[in-house]
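Chain IDs A, B and C follow the sequence of writing; residue 1 opens each chain.
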Amino acid sequence: MTEILQLVIYGLVLGSIISLGAIGVSLIFGILRFAHFAHGDLMTLGAYFALVFYGTLELPMPVAFVVALALTAGVAVLLDKLLYRQLRRSSPVILLIASVGVALMVRSVIQMVWGTSNVVYDQGITMPYVVWGLRIKPDWLVILGGVAVLVTAVHIFLQHTTMGKAMRATADNMDLARISGIDTERVVMWTWILGAALAAAAGIFLGMDTRLHPVMGWRMLLPVFAAAILGGIGRPYGAIVGGLIIGFAQEFSTLVLPPSYKTAVAFAIMVIMLVVRPTGLFRGRS
Amino acid sequence: MSLLQVSELRGGYGSGADILGGVSFRVDPAEIVVMIGPNGAGKSTAMKAVFGLMQVRGGRLTYKDQDITGLPPHRVVRHGICYVPQEHNVFPTLTVHENLQMGAFLRKDSPAREMERVYELFPPLKEKRRQEAGTLSGGQRQMVAMGRALMLDPGLLLLDEPTAGLSPKFMGMIFERIQEINALGIGILMVEQNAKQALGMCHRGYVLAQGHNRLEDTGANLLANREVAEMFLGG
Amino acid sequence: MELTGLLHYGVFTLTMVGIYGVLALGLNVQWGYTGMLNIGVAAFYAVGAYTTAILTAAPSPDHLGGFGLPFIVGLVGAGVVAGLLALVVGLVTLNLRSDYLAIASIGIAEIVRLVLKNEAWMTNGVRGIAGIDTPLASLVPGYADLGYLVLVGVILALVYWGVQRAFRAPWGRVLRALRENEPAALAAGKNVLAFRVSAFVLGSVIMGLGGALYAHFNGYVSPSDFQPMLATFLVWVMLIAGGSGNNRGALLGALVIWLVWSGTEMLAGLMPEGLGTQASALRVFLVGLLLEIILLTRPQGLLPEKPPRRVDE
């Protein structure tokens, strides 16, 4: 029983990190209609930005966190202006291929600047709390709290601000949004800001939970996509549920499979979902 | 001074052939103008051209004496022209209220007055204001779409077949509302399949055929015209 | 001495161009002809390489086999196993939209990578499989690689001839019809899934052959040879640069991009000592940048697709 509960905790932590990435993938897909393959590498980039401000410049973590989110969002907006925007008239598939190129370029820059070895935010080992035989690392509380705050913020943004509503409207029907006078270019910009900031947060939380490495985000891409598809692509709320399901499934799979095959589990769930119900649990776009 | 003046409009989609071969029409202030014609006559295309939704290759468009030829839709909106497409004209996952708010996206001030006006025009929308627009019936969706277009307090409203696919009950209701909107001083240009009812309520009408003007007259005269009767009113 | 060095470099370059040419032709069948986004080229490439390694290497306790079988068996086996993998994957995923297929193909590549790394009984894990023969090494005495280059050239020519024929055959025309306007082809009563699966399998068989050619050239395979993104990505850049849908373009792309890739190695060599990691990252960055520039300025590639003549003309 303790073992199961321990896995629930692992799954919750991993799942909420995946959720943050999946919300961004889902939003970007909803507005721009392409699968953004550089999303995992934006996660990595955010994690390393935070390392600069926390590890090197020794600012407090919350400050480093906010700065890293802002910088990652800035990079995404820049990428959109220089590249994606120019390609938007061609087919979404071309955008997808371009984003694969971006993924590699971002990762190369990270390798050039920070090298390829593992890095951690804090040296040394923090002792986990032990509650009823369950081990709980203090970092996990920070991660879960952070995810809860961010998800709430996204919810408020989407439901109660004009830009958030315009974003949902644009995802519904971009032509009608334009006809109504919605500045869809600004909506696109905010989509990148939101998606990239959430990706950066996911990367930082992943770095806190494990370690930083130039391919940490790329390795998360598959679970993140799986979560977005599971939740119904283009549906940010579905992505949250999808992320948690993938997180739990990956952790529980370690009961029967070697842990190195966790990613394969996410993949299997995704393929089954795509075959059985391609619109996802919450009827995303087909 | 006419509100909208369109002269010798030519154009089509993308690099395709011209659908409009030189169409001219105008809408005077607070006037209801109807365009009718057989399928493929270019009625909807002409309306889309006004709104910058297709390639204009010749001719001139002015609104309140300002040149709007070739402007993209989001610039046309700023001049005070609003457009209600025939299909996909609501945001299905947004509530009715949010749909109306999106119509007011460009406003810097509060759209409370317009919102109230729309709810007065279409009382069923007030009841369903928290419901997702995608769950509404066709007629109710048309109300949302027209309501959304009214939120900017436009000078000219473009309606593309507002009664297409509606039951006779809703059709009559929509036509009544269009007249009420017009009574507020808003010019209306609409494309209609239900020629009889539309000509019966409009000030003037145009008959288009194969991308050209065919006839132009008051609604009553067009209704009485034998050619029109044969073409559209079932003889 | 210098001449020998240059000759050796030339032979190495041409052999690699030949191997990547085979991969690019395989991808062209999938993407260029049919519009299927396979971002998991490395999976089929690696499966081909490991299949021939296990079939042809000398017996070893470290991994499955080897069975010491001749090169030709390894080559055919590589194509067959890669094709079977593609068949299984294809039947499940090819009904999906192209972007979902792209995501699924990344999953395949990731799973293949995990299996190669973790199933040591079969693959010897990260230590890899050594002792793979290079055939025809004695064709030109003193120039071991020259003989193999000839072999690669012959196989590349055969593959080119085959895909070119397939491209012009009715089968190829149906594929393009499916790519351009699926509903119309569907209405014409074509079994879309069967055509897509067959194209996916054919492309993957060719990639498997490319993997086998690489294994026999290198004499050694390990998971680090198939860093998924590098193998996959280079092939993609080659195809897009050369011209998707055009087999000559695919070959030209393989040549040009391999030269660029080698060129970046020299450029990276100019960087200070001790920056090896940075240098190889810089190379990847430059190729990524090249891809974006091509997409922005010449998306149709160097040799754009032309509607082909019929075979019988």
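FYI, a residue touches a chain if its C-beta (ideal position, glycine included) is under 8 Å from a C-beta of that chain, and two chains touch if they have at least 3 such contacts.
Values in this document were obtained by computation on a predicted structure and should not be read as measured data.
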item: Chain whose averaged C-alpha position falls nearest the assembly-wide average; value: A
item: Farthest chain (mean CA position) relative to chain B; value: C
item: Whole-Å gap separating chain A and chain C, where each centre is the average of the chain's CA atoms; value: 31
item: Intercentroid distance (Cα basis), chain C paired with chain B, Å; value: 56
item: Separation of chain A from chain B, taking each centre as the mean of its C-alpha atoms, in whole Å; value: 43
item: Shared interface positions of chain C, touching two or more other chains; value: none
item: Sites on chain A touched by chain B in the complex; value: 162, 165-166, 168-169, 171-173, 175-184
item: Residues of chain A defined as touching chain C within the complex; value: 34-35, 37, 83, 86-87, 90, 92-94, 96-98, 100-105, 107-109, 111-112, 115-116, 218, 221-222, 225, 229, 258, 260-261, 263-264, 266-267, 270-271, 274-275, 278
item: Residues on chain C engaged by chain A in the complex (per definition of touch); value: 35, 37, 39, 92-93, 95-100, 102-104, 106-107, 110-111, 114, 117-118, 229, 233, 236-237, 240, 277-278, 281-282, 284-285, 287-289, 291-292, 295-296, 299
item: Contact footprint of chain A on chain B as seen in their complex; value: 51, 53, 73-74, 77-78, 83, 85, 88-94, 98-99, 101-103, 105-106, 148-149, 152
